[in-house]
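Two complexes, one shared chain (chain A), two partners (chain B, chain C).
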Partner chain A sequence: MIVTQWALYCLLGLAFSLSFRVAGFFDLSIGAAFLLGGYSTWWAAQSVPLAAAFPIGIALASTVSILVGLWGVAPLASRLPPLNMFVVTLGVLYFVQSLAALAFGESAKVLRSGPNPTFAVFSARISFVQLFLVAAAVLVTLCLAYTLARSGWGRFARAIADDRHLADLLGVPIQNTLLKTYATGGAIAGIAGSLFVADRALDPAQAMTVLLAAMVAAILGGEAILGAALGALVLACLESGLGFVMPGFWKSTVVFCILLAVLALRGGGMFRFIRRKL
Partner chain B sequence: MLDYFLKLMALWAVFGTAASVVAYLADQARLIHVAAAAIMGAGSYTAALLATKLGWSPWLAISATIPAGMLLGLVIHLATSRLSDDYLALATLAIAVILYGLMQNLEAITNGPMGVSNIPQLAPVLGHQAADLLALLAITAVLINTIRKTGFGRRVRATRDDQELADNLELRAARVRAALFVGSSAILALVGGFYGFVMRFIDPSSFTLRESITILAMALVFKVPLLIRGAAGALFFIALPELLRFFGVEPTIGAQLRQLAFAIALIVIAARAREMVGQHVIVRGKAHA
Partner chain C sequence: MPLHFSNSRHTECICSTGVNYDANQKFIMKTPVQESFVPKLACALLIALQIFVITGCGPEPGKPEQSSIKLGAVLPLTGDSAAWGEQGRWGIQYAVAEANEKGGIGGKKIEVVYEDSQAIPRLAMTAATKLTDIDKVPAIIGDIVSATTLAMAPIAEQKKAVLVGISCSAPAISQAGEFVFRVWPSDNLEGEVAAKWTRSKGFQKAAVLHIATDYGQGLAAVFKKSFEANGGKVVSIQAYSQDQTDFRSNLARIESESPDVVYLISYYKDAALALRQAKEVGLKAQFLGATAVENDELLKLAGNAAEGLAYPTIVDFDADHPTKTQSAFLTKFTQLHGKKPDWAATHAYDATAVIIQALEAGARSGEEIRAVLDKRRQFQGITGTIKFDENGDVIDKPAIMKTVRDGKFVRLEP
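Coming up: the complex of A and B.
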C-alpha cells in the first residue's frame, strides 16, 4: 500500500511542485485537473473499454488544463502577485468541483464493479491498476527529471524558479514557459485522477483531500521540483507507519502537525541537498 | 419569518466580525489567515462545553473564550513566527486542518462528529441575540479602524512594509506580530463562542477548512474601506444562497450554484485586483495605507 500511496502523492506532488517552484504560487487548480482526469475517464469508460478510457480521460484533462492555462492562468501569473494566483486557482478548483457535482452528482463514482484482479509481489498483493499507477509515477518522475535537466523548457523553468526577474532580463520567454509548466502539471494531475478512479471511489470533495497531501509532499520535498517524489515517499511511509500506532482517523492531523513543524523549523524542506540540481 | 431574518442577521454579524479581523490582518499586516473558522471552532467548543458539561453560566462560558483564544493565538504565533506570505498561508491552513482533526477525533471531550447539542440560550443584553452580535460587529469594525490610526497601527504597517527597517527602528516586529495573532485569535474565539449560542448546536462540519477559506474570501472580496470590508463581504456570501433559495432553487442544486457563483467571484476578484493584501502606496509624496 505504501507504494501505491507514494505513486499518487508523487504524481500530484510533482504537479504541484512544478507550479509552485517555477511559477511561484500555490496552484490549487491541480486539484481541478485531478478531478477532470478522474471524471472524464469514468464518463468515457461508460461507453468504451477501460484501456481506451484512460487515454481519453488523460487527453481531456490535459486539453482543458492547456486551455485554462493558455487563456487564464499563464497570462494572469505573469502579472499578478502569488496571493492573487492562489485565489484564482482556488476559484478554478471550486468551479470544477461544482460542475462535477452538478454533472455527476455528489455521490462517489467507482469504475470497477468488484475487486480488481491482483497478483503477488513478494508477500504483498497488487492490482494491475495499482501497478500502472506506480509505473506512471516512476515514468513521470524520470521523464520530468530528464526534461528539466536537458530540454530548453527545463532550463528556462529552472532559470525562472531561481530568479524570475533575472531570467526575464536575459530574454527567457516567461509566459510561454509558464504555460508549458502549467500544462505539464495539469497533464500529470490528469494522469493521477484517471488512474485513481480506476482504483478507488472518486467524489468532488476528494480533490481537496489529495491536493493537501500533494502540498505536504511538495513542501517536505524542499526547494527542488523532484524533491516532491521524496516528500511523497516520506508522507506515504508516515501514513502507513502511523496506522500501526494510532487509529487511522488521526493520520491527517499528525501529518499536518509534522508539516507545521517542518515549516517552522526547516522552511526549505527536508531534502535541501538536491536543491541546485533539479 | 422574523426569526429566520433575525438568525440571518446574527450569522451575518458573526461572519462579518470574523471577516473584519481577517481583513485587518491581510490589509494592514500582510498576514494571510486561513484558520479563522478553526479558531472560531475552538472558541465555540470552549464555550459550549463549559456551558453544557460543567454547567457554567452562558456569559461566563463566553468570557472564557477570550483567554482560550489568546492562548491559541500565542501558539499560532510561535509556530509561524518565521513564516510569511504563501508559507504563512500554508501554515495557517495546516493549523485549520489540525484543529478540525482535534474537534472531530477527541470524542471523549468534543463528542466527535455528533457535536455538542442542547447549548443553553444566551440572555441577550440588547433585547435579541442578533442585536448583541450586530453590536459586536460594529465594535470590532470601529476598534479595527481606531487601532489603524494609533501608534500600534503605524508599527503594524511599518513592519508589513519593511521588516528590516522596522527592526532597525526598534519597533519590535516580533512583538507586534505576536500581539496581532493573540488579539485576532481572542476576537475570533469570542465570536465563535457566540456562534455556538446562536445555533444551539455545533459540530466539526461548521469549522472546516472550507469555512476558513470562505471567511478569507469575505475579507478580500470588496476593496471598500476597512471599516465595512468584513461586513460587506459577509453580506455578499450570506445573502447569495438565501437569494437562490427565494428563487425556488432546490437546496442541493442551490448549494452547488452558490459554490459556482463563489468560484466565479473568486476568480474575477483576484484577477482584477492588483494586490489583494495591503501594500505601501506612495501618492504625490504622501504615504497611504
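Coming up: the complex of A and C.
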C-alpha cells in the first residue's frame, strides 16, 4: 500500500537526510536506531501496555543515538573524512545488529501474533497501525519543518548544512548542534522501528534493507532535508506501481535505474526548488 | 594455502599503514604516545593474525595424519531462515555424535566445520570455497535452501567434494552436477501434489505468490503446469523479492483476479506476513502453502491468520506418529534441545548419515564418497530408506497434505 510505504520511507529518509545534510556524511547508525526502536518497543511490550511500550522504545532509541553520537560519532566526525565516518557508522550498525541477534535471537519479532485490527475506508481496509504510521510520518515532517525553520537549533543546523566552515567562523556551536541532530535523527528512526515491528516483523537483518530505501529517498529528495519526504513519495509510488507491471524482483533494479537517471539529469535531486526553505 | 601471497599482502599493508599515518598526521591532532603506539599496535595485531592464519590452516608437511575426519556443513545459521539452520545443525550434531559414540570411522572421530550461508548464495559460495580450500573437507552437508545449494554446486564439482543437500528442492538441482546429491525430493513432486489436491477440492482459479528465487520460480512453474493440466486456471503469478516485508500491493493485484485459492511459495516468515496482511486487507480465498511453511515460527508470527492454511509435505517423519527408531530419536532430540525435530533436523540427519555410511564403506576423498553414493544408491536414515536416482535425487518419498488447525500442524484427511 503506497501510503504505508511512503510513511516508512519518509520517516527513515528524514532521519537519514538530517544527519547526511548536517553532519556531512552517510550516517548508517540510523539503521541501528531503527533496530533499537523496534526491539526496545517489542521488549517493553512484553511487560507494559502497548501505549507505554511505544514511548519507551522511542526514548531508548533516541537515548542510545545521543550516546553513540556523544561518545562515538561526534568526536570522530571532527577528525575523520566523510568516507571514514561512513565506515565508522557501518561498524555501529553491525555492532547493534549483532547485539540484537545475541539478545533477542535471529527469529523475527512481532508485537502481536496475528492480523492487526482494521477499519474500512471506502472499499479498502486499513489497520490502525498503518494509520498511526502515516500519522506519525505527517506529524514528524510538519514538526521537523517547523523546528528547522523557527528554532535556534534549526537555524544552526541549516547554517551548518549550507556551509560548515562559514558557520564555524560565525560562531555556530557545531558540536552541540550535531548532538541534537543525532538525537532527533535517532528518535525519528526509533519511531519508524517501533511502528515497523507493530505493522510487520522485525529481525536484525532488516535494518540494511530499509536503510537502503531511506538513502534513495534522501538522494531523490535533493539537497533539502525535507525533500526526503517527497523522495519517499516518489519511491513508494514507483515500487507499488511497478509491482503491477513487472515481477517484484525487478522493482529494485528499476528504482535504482531511475535514481541513476535522476542523478545524471539533475545532480541535486528531484526537488531542488525547496532548498532554501528546507 | 597461498602462504607467500598472504605474507606479502600483510607486509604491504603494514608499510602502507605507516605511510598513510605519516602523511595524515598534520591533519590529526595526536600525542607523541599515540603516534608511536598506534602503528606498533597495528603491526603487533597483524603479526598475531599472520601467526594465527599460518598455524591454523591445515597440517604442515611431515606432520602426522589428523586424528579426525572433517566434514563441512553450510546452513542458514543467521538471518530469515535461521530457525531451519538451527534445527539442521542439531540434526547433523545428532548423527555425528551417534557415529562417534560407536567409535567413529576406523577409530577416527568425525568433526564438522559449520559455515553460515544466511540463505544468501554469495555467502554460500564463500563458505563452500573456504571449506574445500582451507578445511579440505571431502563432503559438504547443505544447504537447506535451493539457491545457496545451486550456488555451491559448481564449487563442489570443481573441487571434487560431494555436496548433499538437506531440503533444497528446485528442479534445477537434478542437473547441478555429478557431485551433487539431495535427500529431499524435487519440487516436481510437491508442485504436483499441491495442484492435484487443489483441483480435487474443486478450486478452479488459482493465484501464485512466490519468492523470486530458483526454488520459488521452479515450484511455481511445476504447479502452474500441473494445475492447468488438471483443468484449472492460474490467473495471476506474482514474484516478490527476498527482502520484501509488505505484500499488500501483491495481494491487491491478486484480489483483483478473484482467485479461489492463493498458493504461497515462500519461507515461513514471508508466509506469516502475507497471511497476516491478507487478513488485514480482507482477501477471502483458500491459502495453500509450500512445505517450507511448517515451522513453529509461522504459528507465532501469523497467529490465527494461519488457520486453515493447507500445504503438501513429505511424510517420512511425523512427530505425532513416529516409528520405533524415530521414537528414540524424537525423545533424545527433544530432551537435548527442548524442541521437537522438524523436517530440517531429520533431513540434515539423513544427509549426514549418507556421508557417514559412505565413510564407513571406506571412502575418504570426495571422489570416493561420490563413487559409493553412485554405486550403492540406497542408505538408511531417520526418515527411512534413502534411494538416489541417477541424478542424485532422492526417490520414492511419499507426500501428503497437512493444514493448520487450532494452532497446530495436523494431517488433512484424504
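Following the convention adopted for this analysis, the second predicted complex is superposed on the first by the 278 of 278 C-alpha atoms of A that agree within 3 Å, B and C clash if a C-alpha of one lies under 4 Å from a C-alpha of the other, contacts with A are read in each partner's own complex, and residues count from 1 in each chain.
Rule of thumb we're sticking to: contacts are C-beta pairs under 8 Å (C-beta built on N, C-alpha and C of every residue); 3 or more make two chains touch, one makes a residue touch a chain.
Since this is a predicted model, take the numbers as computed values, not measurements.
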item: Fit-or-clash call for chain B and chain C when the two complexes are aligned on chain A; value: clash
item: First, second, both or neither for A:S127, with chain B first and chain C second; value: second
item: First, second, both or neither for A:T147, with chain B first and chain C second; value: neither
item: Contacts of A:D203 with chain B and chain C, given as first, second, both or neither; value: second
item: Touched partner set for A:E106, first chain B, second chain C, both or neither; value: both
item: Which of chain B and chain C A:S252 touches, first, second, both or neither; value: both
item: Contacts of A:Q5 with chain B and chain C, given as first, second, both or neither; value: second
item: Touched partner set for A:T63, first chain B, second chain C, both or neither; value: neither
item: Chain C-contacting residues of chain A that also contact chain B; value: 101, 106, 247, 249, 252
item: Chain A residues within the chain C interface of the complex; value: 1, 4-5, 79, 101, 105-108, 110, 112-116, 118, 124-125, 127, 200-201, 203-206, 209, 239-240, 243-244, 247-249, 251-252
item: Chain C residues touching chain A - in the complex, by the definition given at the top; value: 27-29, 77-80, 82-83, 118, 212, 238-241, 243-246, 248-250, 252-253, 269, 272-273, 276-277, 279-282, 297, 300-305
item: Touching residues on chain A, where the partner in the complex is chain B; value: 25-26, 72, 76, 80-88, 90-95, 97-99, 101-102, 106, 208, 212, 215, 219, 247, 249-250, 252-253, 256-257, 259-260, 263-264, 267
item: Complex interface listing, chain B residues touching chain A; value: 32, 79-83, 85-87, 89-91, 93-95, 97-98, 101-102, 104-105, 209-210, 213, 217, 220, 252-253, 256-257, 259-260, 262-267, 269-271, 273-277
